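You will see two complexes here that share subunit A, one where it goes with subunit B and one where it goes with subunit C.
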Partner chain A sequence: MSTQFTAVLDALTRLRGVRASMVVDAVDGIAIDSNLQFGQDGNRVAALAGSLYRKACQSAQAAGLGGTGFMQLEADAGRLCILGGDTLVLVVVAERDANVGLIRMEMRRAAQSLA
Partner chain B sequence: MADEVHQWSDELARDPSSLVFLPLAEALRRQGQPAIAQKVALRGLQRHPHNAEAHDLLARILADLGDLQGAFDEWDMVLRLSPTHAGALKGMAFIRFQQGYPEEAEQLLVQAQSHDDDETIASAIATVRKSGALGPGMVLIDPFSQPQHLYGDLLSPEQAAMCLDKDGLVLAGAYYAGDGQDVAQEIGAALSGVSDEAVRATRHLDIGAWRSIVFETEAAVVALMPAPASAASEGGLVVVAAVPDTPLGLLRRVAERCTTRTADWLGRVAG
Partner chain C sequence: MISASVEAWVDEPMTRFVRDAGVRLALLLLPSGQVLAQFGFTRAMDVMSACALAAAIHASSAELGRMLDGKPFSGLHAGRVRQLFLAEAQTARGPYIFLTVFDEGSSLGLVRLYCEELKANLAAAAPPPAAIQEPVLDSNFEGELNKNLAVLFGRA
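Right after this comes the complex of A and B.
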């Protein structure tokens, strides 16, 4: 089934090293649409990513730093990239050696097209 | 960016007197290649010895390389060529702050503010004033004796760092907001539990142990790293914030230095 997010998620998942991409509700962390290339529970990934992003937003607010944009968690064998908007959050799971600059640029482009 | 570096390099090879060495060296600096950037800047300065922007660029490269006195001298040259250069005044303030002279740093920042209404200068002045209230040089004499100033000599006036325990309580460092208020506890409370969530997320995704979290906000870039292992800091975080145009590679390097300092300090505290 194709949704308004399908094309955006397909484009993100085509980037080298990207294993999954999803659109998540910014408020409750529920997955709205996803393109997963691995056998994980998308809802759980969405909840974890959404929660991490909310923590970042809260700390930025506490420090008077304004709104939060791109966020990246780097681990030994992969990365979790998150880009938040007012109502939606884009999440990408990628390999460690993926080009983060390119992923960030494509996520920004995707966020603009969804706005 | 890689294409531009290539293009600028070609242009410089065709015309060695071109001013394209300025964006080329700046791009290399931002890509975390300060040694190559330094060579490009020095070659450019041989042909353009009176170019203030070239001296400013070399000063920033030297600061990245840790040659603070060399950077100070270059910024001094910038002011001879362009006496109202706010970037040079800010840079010299950064060096004087690092060298333990917050009053002098403040004077330079106030001077910079009269030429440039950049909001980050006001924020830097607030930070320097807070530090200066403790007495000149105190931060450099023994940062280990004052946990609040543990990272003072590792940071520029526009950067902040702190170490939080797993509950978000501040173990060391400080964070002053633009109005001079210490908001470290508030940020700590908001970040409480991030380490656990990062562990959960990486475990669920099967991507190994987490190394860092970086996020961008309107007024800063923030890096989080796991605090070094110790009974006091287990599950905690080292938090470093810097102005938005800070290259992420440089931010990570500063965060790594702060993490190493935290480990040394915790080692001393444990005795």
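Right after this comes the complex of A and C.
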């Protein structure tokens, strides 16, 4: 079943090194649509990534740094890239050697197309 | 914050849920409304009221689910700023009702995620059921309820 997010998620997942992409409700932390590989738990990633993004926003506000746009988490085996808005959060799970600049640019483009 | 349980085996699963999900209040009770564990409540009266209401909501929503869908609803979520989530956990000792209240410090996604873990942890931790389970009668319900509240609030 395709949704208004399918094309955007397909474009993100086609990038080299991207393992998964999803659109998450910014408030509830629930996956709205996702493009996952077999065996990935989208609901778990969505809930935790949504929470992570909210906490990052709160931290930035508390430090007097203003709003948060893009955030990146580096882990041993890969990266989590998150781009947030008021209602939606875009999440990309990528390999460690993926081109983050390209991913970031595509995520911004995707966010604009969804706005 | 006050955290306490009547039966020791629910301690670890409940503590882990509260810590991971970042909720404000949590209650574990029997479908009859008798409390087994609580987190975040400061007054016994509030626990008693919440348990009675949770048991009533659970009973009526389960029946509504049976009427509409042929099986009881598995969870209930309500609220926007201060939100409530109600679910049923099945264990070897029978079903338990789980009620939690959370705000912007958590999210529905997190609560649902860790609620599933809580259900699995409760099922794994539950000791075998007692050989003879006494029915919940009017005559012993209030005594049991008051005994559990006394344990939870340090008056036993």
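By our rule, the second predicted complex is superposed on the first by the 114 of 115 C-alpha atoms of A that agree within 3 Å, B and C clash if a C-alpha of one lies under 4 Å from a C-alpha of the other, contacts with A are read in each partner's own complex, and residues count from 1 in each chain.
Everything that follows uses one rule, which is that a residue touches a chain if its C-beta (ideal position, glycine included) is under 8 Å from a C-beta of that chain, and two chains touch if they have at least 3 such contacts.
These numbers were taken from a predicted model, which means no experiment stands behind them.
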item	value
Superposed partners subunit B and subunit C on subunit A - clash or fit	fit
Subunit A-centred angle between subunit C and subunit B, computed on Cα centres after superposition, in steps of 10 °	110
Partner chain(s) touched by A:S51 [first = subunit B, second = subunit C, both, neither]	both
Touched partner set for A:M71, first subunit B, second subunit C, both or neither	first
Touched partner set for A:A7, first subunit B, second subunit C, both or neither	neither
First (subunit B), second (subunit C), both or neither touched by A:M105	neither
Contacts of A:D25 with subunit B and subunit C, given as first, second, both or neither	second
First (subunit B), second (subunit C), both or neither touched by A:V93	first
Of subunit C and subunit B, partner touching more subunit A residues	B
First (subunit B), second (subunit C), both or neither touched by A:A62	first
Least Cα gap, in Å, left between subunit B and subunit C after the two complexes are fitted on chain A	9
Common interface positions of subunit A, toward subunit B and toward subunit C	44, 48, 51
Subunit A residues within the subunit C interface of the complex	24-25, 27-31, 43-44, 46-48, 50-51, 54
Residues of subunit B defined as touching subunit A within the complex	1, 175, 177-179, 183, 186-187, 189-191, 193-194, 197-198, 200-202, 204-220, 222, 241
Subunit A-touching residues of subunit C, taken from the complex the two chains share	104, 106-110, 112-113
Contact set on subunit A toward subunit B in their complex	40-41, 44-45, 48-49, 51-52, 55-56, 58-80, 93, 96, 101
